[in-house]
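Given below, in the form of structure tokens, are the structures.
Okay, so chain A shows up in both of these, paired with chain B first and chain C after.
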Partner chain A sequence: MNAQATPPGLADRVREIVADYADLEGPLLPILHEVQAAFGHVPQAALPVIAEALNLTRAEVFGVMTFYHDFRSEPAGRHVLKLCRAEACQASGGDAVAAAVRARLGVDWHGTTRDGAVTLEPVFCLGLCACGPAGMFDGRLLARLDPAAAEALLTEAGA
Partner chain B sequence: MKDFVLPDDRDLGTPARKGPPVTLTIDGFAVTVPAGTSIMRAAFEAGIPVPKLCATDSVEAFGSCRLCLVEIEGRPGTPASCTTPVAEGMVVHTQTARLKKLRKGVMELYISDHPLDCLTCAANGDCELQDMAGVVGLREVRYAPGANHFEDRCGEAANPLFLPKDDSNPYFSYDPQKCIVCSRCVRACEEVQGTFALTIAGRGFDSRVSPGMAEPFLQSECVSCGACVQACPTATLSEKSVAEIGTPDRSVITTCAYCGVGCSFKAELRGDELVRMVPWKHGKANRGHSCVKGRFAWGYAQHRDRILKPMIRDRIDEPWREVTWDEAFAHTARRFREIQARHGRGAIGGITSSRCTNEETYLVQKMIRGTFGNNNVDTCARVCHSPTGYGLKQTFGTSAGTQDFDSVEQADVVIVIGANPTDGHPVFASRLKKRLRQGAKLIVIDPRRIDLVRSPHVEAAHHLALMPGTNVAVLTAMAHVIVTEGLVDEAFVRARCDWESFQDWAAFVADPSRSPEATEKLTRVPAAELRAAARLYATGGNGAIYYGLGVTEHSQGSTTVMAIANLAMATGNIGRPGVGVNPLRGQNNVQGSCDMGSFPHELPGYRHVHDDTARAIYESLWGTPIDPEPGLRIPNMLDEAVAGRFKGIYIQGEDILQSDPDTRHVAAGLAAMECVVVQDLFLNETATYAHVFLPGATFLEKDGTFTNAERRINRVRRVMAPLPGLADWEVTQRLAQAMGAQWHYNHPAEIMAEIAATTPTFAGVSYELLDREGSVQWPCNAAAPQGTPVMHVDAFVRGKGRFILTDYVPTDERTGPRFPLLLTTGRILSQYNVGAQTRRTANSTWHAEDLLEIHPHDAEVRGIREGQLVRLASRSGETTLRATITDRVAPGVVYTTFHHPETQANVVTTDFSDWATNCPEYKVTAVQVSPTNGPSDWQRDYAAHAEASRRIAHAAE
Partner chain C sequence: MKIFVPLDSAAVALGADAVAAAVAAEAGRRGIPAEIVRTGSRGMVWLEPLVEIEHEGRRIGFGPMTPGDVPALFDDPAAHPKSLGPVEDLPWMRRQTRLTFARVGVIDPLSLSDYEAHGGLEGLRRALALDPAAVVEEVVASGLRGRGGAGFPTGIKWRTVAGVAADRKYIVCNADEGDSGTFADRMLIEGDPFCLIEGMAIAARAVGADRGYVYLRSEYPVAIRVFGEALARAREAGLLGRSVLGSDLSFDIELRVGAGAYVCGEETSLLNSIEGKRGVVRAKPPLPALEGLFGRPTVVNNVISLASVPVILERGAAFYRDIGIGRSRGTIPLQIAGNVKYGGLFEAGFGLSLSEIVHDIAGGTASGRPVKAVQVGGPLGAYLPPSRFDVAFGYEEYAALDALIGHAGIVVFDDTADMLAQARFAMEFCAIESCGKCTPCRIGAVRGVETIDRIARGDAAAIPLLRELCDTMRAGSLCALGGFTSYPVLSALDHFPDDFARQREAAE
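Let's look at the complex of A and B:
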């Protein structure tokens, strides 16, 4: 796997997070979310710490973490743009938006621009099928996207 | 399960269920199965195999492969037969036009992402994917080449989805390109083994089997039990031996020769070449599971160190001289008879082996009692479970554990004391962990934080981390809580036990001086924790106690066994499934060697040599008088040897120099003898002091029986011819004949017939019965023709259960300023006992040397760093080994294993022993630890001696 530098104080911070959620039934997902919130991604070094604290194997934690695309093993760019690639959005012009954004940023899906400004990700349905093409920018939902709107958004984000 | 050898070894797809009968119709046939059974299993039982890939009967159904679809009249769709339970009156069709089409489509998808290199694949002919392609009639794959997991390149570029083969494990390989992601390996690791080392990483097309966090197997949490390899339907996880040799074509069911669990194995061969050992799913001790030792560590049987010719020499500083068997027997017989003529009949003796079969053990003691004419016979059980025999005989009336291993499936509270099952008895540990995952509670009483205290999905409710040597105080304090808090099962005690002895005992334990609070200083177990544990055991439902050598190998070993028995009786935890007192026997046939009359005071079946009736049986059968006085125990033999009164010994399959305590004393005893005869596979450490070496045969090379920790008599079957030409029982017989014995057994079955005819508890045992039933637990006689899974059901063997006072007497081995730490010893998963076998296999990959575990505080004050060479010294001697710093041991306690002769941890252990049975106090030695630069003088001298004494002058051919 990726040999990334372990952020200093990682184990202690992860243990704090685990302690906050340990009383929940099935605390693993909330813990992974919180770790991602704290570090911007889920560092691989965090997994054995979580496993030890929850009395699971690191295989199990790794299996859960890699199952969900939302948990990233590498830090993302400063902004994350998700474009819906599901059927309804494709039918309403999503392909054109996707093509324009990929060309504008010069990255493919899951890529991050060289200056670290934006990470582009596909997503499969945001529940906005009635007003597609849909997207999400840093957690904020976007509706009725078109190439021009996307361009404006990216310019504003400094990409 | 790769099932191509034995007809009744069929994989029925999903596990068996218990329940009321349900009748359904499958393809027009009426089938009756227990409620809860899957349609798949019902179909297999009816002889209708449903196509399947992700289902196997060692794990729960998963329903992912979509090949086992069926149609059910009155129900919509095509449900998976593995996950759909049967229902009364259900009408099922397994083969319809719709199903055929669906299955073919599924197979086509599977094969579209699978290499078509069947001819050169290790699983060719033994591959379920291949079978299913044939079964569903797959004739073409219409998908165009595209993204896949099996080509290392796509066009010019490397295929990012391709993962190279992982050969890190010495015994099996993981080849991801062959993987169909059926999850059978992941589920076997979880459900069968309980290690949870594997997972499916990613999702959808990205799904991959991942050991740990996509690590090589060897670096992951994998313990190499082989369950995943066995579960794999393809060549993805497969034994390297199969890849190397080819698929086996015949098999023999036999019994593992490692620990006391006594797992049944299917030895699979080509010709007489062993290809692999696969756990036998009908084995009643292991139920189809195995560990890294039995499954994989059998390479020692073909190791170049095996000695295959008899050898003799006059003095131990001479090189060995190879001789013929006849010469060896004549020479040994002459030397033994000369010694007896000069020094008396009692100047020779012998040691039976807990590694050899019942029949072989019986013959050795027969030779000693009948042909040597004395009772100087002892066995390695002396140094492990002799207190179990004594303690349980005194309290219950029989020298053995009370349950079968299946019993753990019904236990609610389990006490593990002085045992480390995940390392020492791994297959039992897996069965225990399965029960713990179902909610049973666990109490661990051990100075170390063993894996069971806390490891994934298992957490002990209480860990009583006592000081080594205080078992009796802790157990008596638990009894104090049970008695004083009114938790005694009085109805049971009144009905089943000796009431007077109970009252004495209750008054004794209730004394405030024996309360947890009073003994806390001594035992270092917090009183509140101990009280909670005692309450849990007494009130938590079925309470079962499992214990090991951490109980017996103490100066109060027998007392501790009796304290355990007292607890079980007081709480009514005896005489039904799910409860009991269960010694975890160290070696494959410790139970059997004890049963077979290996002790100097007992004839087979634990009848004292004073017992005229018992003696008369053998005297009339053997036609020779038997000495009515007990003979010498191993330590007595050595003492007498040093004193010049004991001169010759026949040691079958035991390495007393390495395994017995106080190595210097053992060496001195052996050196003082005139004729030391060692029968073993290898020139072991004891053989460096021997004058005659008789080559032994491995368990693969002979017929016989082993008796495991649950009193189960399992057949050992000859898989290949003995490499030295004779099986061990033949060697003993020929030696006895050379000394004048008139016995002529043609097969071990005849020896078992003699055992059955002379020993009441074995009266019903015969090879015919064992072949028919698979195995049987003694007592097996007219009263219990099928054997006895649970003992003491309606009454104790001795009548009323007897409570015995268990006064705590501290060992004489004390810490002081010179030796401030307590050393305790144990085993590790990958190695076995003195390591003679496992060290000669790739198991040393996991454990190449003995390490000294020391607490960080103790290490720091001594300036000891991780991995540093340290000197370990006691009043007896000193050795050196590397230290590892861990808080698994408490401050003041250090721990090591004794698998390697270079370390010889027993140079350090003392000659203190159990008051009743002389079982050595391995588990408590006061020591000092300090950094050092090199090996101790003893290690240097011994290494030189060992090298010199192993020279062999090969006969000119």
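Let's look at the complex of A and C:
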């Protein structure tokens, strides 16, 4: 399926999500999170629907969405590997893990492997700073990573 | 048989879920009725997963546990190879003054009855019996200062909000905890969420607020789950709602999840984010205390500031104020991280020296190599060399060294660290995370990376340029993101000039 094709029923689903959060004060972030949870990213086509429902301009919604690192405009790979790039993880060898993973996957930060298996994202601290280098693989927390452990993880995931 | 296994993120990252599953399976196999209680973490991260068993009224620890270590727990626990003895007797625990974290790792974080059995709600009950103004003055008298970084006296902030009339006021808890090397907010929320709820309810009582928000970062999935569940249980039990604990206080809290922007930890940016806007920094004045969330008077406090309030109300301002040094009163949860042998959370009165923290408590580096530098206070904090390790842990004491304690994260580096690379990272981080509103931060950080790259290529003439750039960013930035990036950069340059010069020799 073309990544940018509008999923069928998108507008209806987005309207439902907006309605679920309509009673909140300042509902835009919870709505964007929910849209991303539903579609794996925030599709372009969702923005005018949200804007209309919240009485905002499309540019405002776009501006908010693009401000935050969490919201992606494109679908991610089948797996998402986040590696902590922050200082405490640097101090315990995080840069070497990141270098090994980037070489292994042949992608840089934010990149997705050609086969769509893995997207590599940087993260600045997961609060696992006393057991770094830290990461997260599809929501699973990872501690004390080293290049070999990262390699094993990627192999297991078929990447 | 009651078996305690942490649900804390660090413990889970180190395998606690698999250990809990192994405990359940082994108990089933042996037909032993075992109750598994998922707790917070005691903060001894090198011992995680740390499993505890209650024996003759004491909690005996075992760790670090693997699933393979589990069956022997059911034989003779005292003979278990991973037995640590009574947890409270471990030196790491005995040396602490655990007030804010007293219950973390001990109780079931989602059991209100457990919470109450360990002193929970006593502070709020006392606050509800007092005049609101007396609650504010109690917090003022305790000497509590903001634990989020800026160190502003919490009671004074409350007094300002209490003093203005408005149709609505807010209590906003800053749980964005973006600083590398910090995890106290996460551990408190995962291990004792009712303590934060209680602190916020006391704040609401004190200033006359009826609505609260907790802005929790998306990088903390476990904390998000635990806190969401704690809120539901607090409402069910009448700790939140129209009549808090049967009183005339009406207060409820909503959980908001961040979206991965470091700058949203800055209080005005955080308010914009809750309002559903881009997380850009607002110019001050107006102070959030007067015109905060949706333009209403708002208390913005860090998790640890708010979670320290219940014990202050419970035991009195004097008790809290008597701990600490100088103008830094009470306890501070140190978060010891990076390249250390014994890392984790250590709550103590202000005043410990860095040398005690790094060498005695943390046991030096994990790599066994000499310590080169310690960054205190997150990505905007200074790098300190061992020659400064006699500095006492306190707000003014660090300021005197052009350093800051921030949220009390302590990140240790061994002698393989390249301080030019650390300075470059500080600029790069600022460039990535700048909200873009002010030029010194947005453009300055990009120039900073370029300038440090010139130095790395052997261009010593770029060093004065870097200093000038730091001055410009410091003086001209709207908030401490651009303003304080000079701390890590200049401290690296000043304390480790060789790392900036060696590069030049290499290039020649």
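In this text, the second predicted complex is superposed on the first by the 156 of 159 C-alpha atoms of A that agree within 3 Å, B and C clash if a C-alpha of one lies under 4 Å from a C-alpha of the other, contacts with A are read in each partner's own complex, and residues count from 1 in each chain.
Basically, a contact is a pair of C-beta atoms (placed from the backbone, for glycine too) under 8 Å apart; a residue touches a chain by one contact, two chains touch by 3 or more.
What you are looking at is a predicted structure, and each value in this text was computed from that prediction instead of being measured.
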Just to be sure I read the superposition right, which of the two partners does A:Val42 touch: chain B = first, chain C = second, or both, or neither?
neither
By residue count, is chain A touched more by chain B or by chain C?
C
Partner chain(s) touched by A:Val118 [first = chain B, second = chain C, both, neither]:
neither
Based on the superposed arrangement, let me know which partner A:Ala98 touches: chain B (first), chain C (second), both, or neither?
neither
Check the residue A:Ala51 against both partner chains and state whether it touches chain B (first), chain C (second), both, or neither.
first
Identify the partner contact of A:Phe62: answer first if only chain B is touched, second if only chain C is, both if each is, neither if none is.
first
Using the superposition on chain A described above, determine whether A:Ala76 touches chain B (first), chain C (second), both, or neither.
neither
For chain A, which residues lie in the overlap of the chain B contacts and the chain C contacts?
63, 67, 69
Sites on chain B touched by chain A in the complex:
195-203, 210-214, 220-221, 454-459
Interfacial residue positions of chain C with respect to chain A in the complex
9-10, 12-14, 45-46, 48, 177-183, 186-187, 218-222, 254, 256-262, 273-280, 294, 335-340, 343-344, 366, 375, 379, 409, 411-414, 417, 422, 425, 429, 433, 435
Would you pull the chain A residues touching chain C in the complex into a rising list?
24-30, 32-33, 54, 63-64, 67-71, 86-92, 123-132, 134, 139, 141-144
Could you list, by residue number, the parts of chain A that touch chain B in their complex?
1, 44, 47-48, 51, 55-60, 62-63, 66-67, 69
